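In what follows, structures are represented as structure tokens.
The two complexes that follow have subunit A in common; it is paired with subunit B in the first and with subunit C in the second.
Our next item is the complex of A and B:
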């Protein structure tokens, strides 16, 4: 019989307001095996923890039940507490009477009753708990960063600086991401390329960093410290080690009508291309969708002109497999498609552009060489209307747009407005907004400068309709402060489109078994206390894949993710989770059902000798679990037809005891 | 193809063209439009007030009778379609309204409870989804070649998009596709899905005039020679309240012309 101590926490008034904690302690004290039960205001405080340790020693407790918050919150805390007092940490059970009771029930009598029942279930389980010893596993001292934008670059640089090798996997031909497309950056207005490209070069030249551009993560196996990742290196039809990036092929390529994605399709590029001058790696890539040679086998001009002999039309996708200790997700964002927002005539007029397109129109390396010209007739626009919150902060019941605030639009719109007025003082600039949200260091001052010094017309209200007519864009909008309808004949309209996670994020999350929210942003392990870790051990988050953020925040998060990775990689061994599957070999008939359902490939089979009748020996095929690979998901325990498979710490008997205690 | 048909009262008075050509064209396309017996005025938009129950009965009766006849209900007037489609949506999704309406119906002899489980489509949807614009194109004997036509949707036909479910309310294509099917050339203009102000023309004529002029000017400046519509209210307003009216006809008239039955 166990000697069990029960500790009921008030969590201040969080639990105590809707649960009679004294009554819970009194009721649980009468349960079989319970030798002590008490309640205390904050069980997780030092005093609370000291009390638990004292009682373990004083009463010789062999099991502990804590009635408190969710085990996700403090199970690890209380396990450590008990371990320090000499108790095996797996002899501790948590009854969640906060999230599952006090926070969801209003009636104190109901809450108290449910808390007692959950406590009873935990006690019934502890009765059957056995001490478990966690195994150890080694750590592969190499990190993988998925995504080569500013988030991925910064994370990789920081990990590499600590002395660990890093691979950056980037789906595009070059690293750089969205920041490479930007002109100036708020609030200091320094040129994006000037601050980004040195970092790109650093990443390219760092001995600890390997850039796998034009590549994608194909498959992820393993677990924290020991991931095995298969990476697809897409055929770029150019030998990376031979290409010098001279650009002669681009001059010779006859297929010059390929929409240039780097310039948001505002101009064209050739079929063989280097996305932009500062690309890293500076290696050409052939776009197979447009290359005449690859499509019809007729051309070969780039191959004939390449002095380095780097062109290889026969190149195939290649796969490489690599082991990593940690994985950082930095897949970034994209502006949403504006197809569903045709009240702004985006698909009808080339002069209605998205903010990222406007960014390219302002950029010296952009399609207009940095002179702001209307895409339709390449004339200088004299009246520009900016519309904020296009697809952001939409009603949940609306068929289009996102519910969240995209966070960066207020600032970049202020930047666009200010830069336009700075370069072209003869241009009238209007900004329509729902709210102007500019918290952040030097942000509000920046916005006010746009209004006060640059005389940008900020109007609270939304644009209802944009009608292209006679070379103008007739903008109909409401001014909510003045309570009137306004009509503006504009030359250009710029839409601040909401941002959303990159489309590759969802399938990647599945491969990583990392969780996402309804908007496809990666979920952090704790929204406040573990913001750069995914709930999946060994997977870390960097940049906008986790939520909308600007460059300073992205870089800060990238550094934080790197420090978490370094903290993991410096360890020589990781303590595993002992709650893994274990087969009862005497009951196992080697049917392979468990092997088929195991998502981690942790189960293999062995032929083992068993004692048969009359002193004979039988060789039987039985299941074996690799405890380092098993994640304790329990799928095999359900699949096993003979009931031979059990999860340590969550055995069938323990679960049934809990159910019985609840149903008593 | 057989459908129950709800003409509505404007089509029996002011907008006879819309109705007459619609029926002729349907016949030419091999479609039987069976007029509902004893249909009543839909109440034109006012039934959509959230606290109105009695005024919804006429639409419910029309839907219920179409269900009894076993044929999808086809409407032609934008306003009638707007009302009947939205009442149908309420009957399916709003428990409160459904129960109250059925309590009313329960007091009437021979009326059966209705749960919002029948289909009502607009004539244009019938052309697009049941006939098919390609099929229609094949049946055109008199293609309206070279005619530059602006589609005028107005406000009732498309919005609210979630309930009407006909087309994208901000970027509709159904009328343009129709224009292409009858051999003419659609002209895009931005004001095509804006309200013409028809509903306030009695109350505030100046405002209605302003709206209409904005629409006709935009259409003309974009190159439209004529406008087509499915709404009697818009038809009236565009003709009577514009400073320089642009020729506006019902889409069924052009359909009949293209099919050689005008």
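Our next item is the complex of A and C:
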């Protein structure tokens, strides 16, 4: 029989206001095996922890039940407390009477009853707990960064600076991401390329950084400290080590009608291309969808003109496998598709553009060489209407758009408006907004400058309709402050499209067993206290894959993610989790069900001799679990048809005992 | 058919291909044919029987038989062959230790239906065209075979033997339009109360003889959870008769995704409980949620509930379509 101590926490008034903590302690004191039960204001405080340690020593407790907040919050704290008092940390159970009781119930009687029941379940489990000892596993001192935008670049640079090798996997032919497409950056209006490209060059030249551009993560196995990742290096039909990036092939390529994705399709590029002048690596890539040689076998001009002999039409996708200790996700964002917002005539008129397209139209390296010309007739627009929140802050019941605020649009629209007025003072600029949100250092000053100094017309209200007519765009909108309808004949309309996570994020999350929210943003281990870690150990988050962010925030988070990775990689050994699966070999059928469901590849099979009847030996195929690889997810325990697989610390018996205690 | 099968069995023993043959022999009555192992041609001549009552699925017996020294021959009907493949996928049958003779099948019969047709005192059976000829103590009687077919054969899902070394007769085809889910749909259309009443009336007849479990090829664990004292449910006195009914529901969950719908559970039930409907409900749900899947149809595919794809139905979808539908 265990000697169990029960400690009921008030959590100030968080629990005590809705749960009669004294009644809980009194009721649980009567449970079998309980030798001590008490309650205290803050169990996690030093005084609370000292009390637990004293009682363990004084009463010789063999098990401890703490009725408090979620184990996600303080399980580790209380395990350490008990370990210091000489108790095995896995003899501690938490009954969550805060998130599951006081925060969801109003009636004190109901809350108290439920708290007692949950406490009873935890006691029933501790009765069956056994001391567990954690194993150790080594750490591979190399990091993987998935995504080569500003987030990925910054994270990689910071990790590399600490002396650890880093691989950046980028699906595009070059790193740089969205920031490379931007013109100026708010609130300082310095040019994006001027601050980004030196970082790209740093990354390209850093001895600790290997850039795997035009590559994708194919498969992820293993666990924190010991990931094994298979990376697909897509065939670019150009030998990376030979190509000098001279660009002669691009001059010679006869296929010049390929929509240029870097310029948002506003102009064309050749089938063999380098996305932009400062690309890293500066290596050409052949677009197999358009290359005449790859499609029809007729052409070969680039190959004939390449002095380096770098063209290889027979190149195939290659796979490399590498081990990593940590993985950083930096997959970034994209503007949403505007298909469902045709009230703004996006598909009907080329002069209705998204903000990212506008960014290219303003950019000196863009399709118009930095002169603002409207796409339809390449004339200067004299009236421009900016529409904010296109697809952001939509009603949950609306069938289009996102519920969240995309965060960056208010600021970049102010930037666009200001730059337009600065360069072309004869242009009238209107901005339609729901709210202007400028919480950031020097942000509101920036917006005020647009209104007060540059005379941008900010109108609170939404544009209802845009109709292309006689070379103009008839904009119908409402001014909510004046309560009147407005009609504007505009030359251009710019839509601040909501941003969403890159489409590659969802399948990647599956490969990483990392969790996502309903919008496909990666979730953090804790929204406030662990914002750059995913709940999956060893997987970290950088940039907009975790939520909408501007550049300064992204860079800050990238550095934070890097410091977490460095903190992991400097360790030589990781203490494992002893709550791993263990098969009962006498009952195992060797059916492979557990092996099939194991996401970590922790289960293998071996033929083992067993004692049969009449002194015979039977050879049977049975499961073996590698405790260093097992993450204790428990999928195998439910897949096993005969219940031969059990999770230590969460055995079927323990869970049944909890259920029985709850249903008593 | 019996003559061809017996000839093949003797031939396999005589030429040394195998040293044992798994077949059927008569039990107490001519219609309760029992699986049996034969080691000599003489035994085969004497006891081997194949008739419209050779319904027993031979695959499960190969688990133990293929653990032994030497090689065993087995005669496998189309529906048995799915279990054979499924058990190989689960590493339960050593395929190198057995020689599989596939046999074409046009349905097995249920003695209960023969009696229901008014034929009493039968002592032997034979087939003539599409009729059953029964010798009885009152003289020879005939009835259409289709009227005596087992339920699983009326809704036969496949006449294709999916794994064999040689075939007797011509191999058939799968039959996706067999209507085997019609009865499940009828149950789904009931209100929850009606359905509860239906299953209570059926399952309350259970005498826990364990015949369904013992015959089921998917129920071949080294130790069944119901016999394992650590499972918390073994040898536990039922708190109510309803708890006893749960045995079948738990069993259906345990074989879900591995059940090939061979129908043996219902065939052997002495109380005539339509147990196969529980399994079919699960198969139908899995087909609807995860796409068509037939356990044991091939060696490669993973059962949908032991596999994860990004296209899987979200739990909320699974939840919403349940309930009173």
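Operating definition for what follows: the second predicted complex is superposed on the first by the 641 of 664 C-alpha atoms of A that agree within 3 Å, B and C clash if a C-alpha of one lies under 4 Å from a C-alpha of the other, contacts with A are read in each partner's own complex, and residues count from 1 in each chain.
Everything below uses one rule, namely that a residue touches a chain if its C-beta (ideal position, glycine included) is under 8 Å from a C-beta of that chain, and two chains touch if they have at least 3 such contacts.
Quick caveat, the model's predicted, so the values are computed rather than measured.
**Student:** Comparing subunit B against subunit C, which has contacts with more of the residues in subunit A?
**Tutor:** Touching more residues of subunit A than the other partner does is C.
**Student:** A:507 contacts which: subunit B (first), subunit C (second), both, neither?
**Tutor:** A:507 sits against subunit C, while subunit B stays out of touch.
**Student:** Given the touch rule stated above, what does A:348 touch, subunit B (first), subunit C (second), both, or neither?
**Tutor:** In the superposed model, A:348 contacts subunit B only, not subunit C.
**Student:** Is A:32 touching anything from subunit B or subunit C once the two structures are fitted on A? First, second, both or neither.
**Tutor:** Once the two structures are laid over each other on A, A:32 reaches no partner at all.
**Student:** Under the stated touch criterion, which partner chain does A:470 make contact with: subunit B (first), subunit C (second), both, or neither?
**Tutor:** A:470: touches subunit B, not subunit C.
**Student:** In the superposed arrangement, does A:639 touch subunit B (first), subunit C (second), both or neither?
**Tutor:** Second partner only, subunit C.
**Student:** Should A:652 be classified as contacting the first partner (subunit B), the second (subunit C), both, or neither?
**Tutor:** second
**Student:** Within the complex, which stretch of subunit C touches subunit A?
**Tutor:** Residues in contact with subunit A: 67, 89-92, 218, 220-225, 228, 230-232, 254-255, 258, 302, 306-308, 310.
**Student:** Mind pulling up the subunit A residues that touch subunit B in the complex?
**Tutor:** Those residues of subunit A that touch subunit B are 339-343, 345, 347-348, 397, 399, 465-470, 474.
**Student:** Sort out for me which residues of subunit B touch subunit A in the complex.
**Tutor:** Contacts found on subunit B: 161-162, 168, 170-171, 188-191, 194, 217-218, 221-222.
**Student:** Please give the residue numbers of subunit A that touch subunit C in the complex, ascending.
**Tutor:** Interface residues on the subunit A side: 506-507, 510, 584, 586-593, 596-597, 599, 605, 618, 620-621, 639, 641-644, 652-653, 656.
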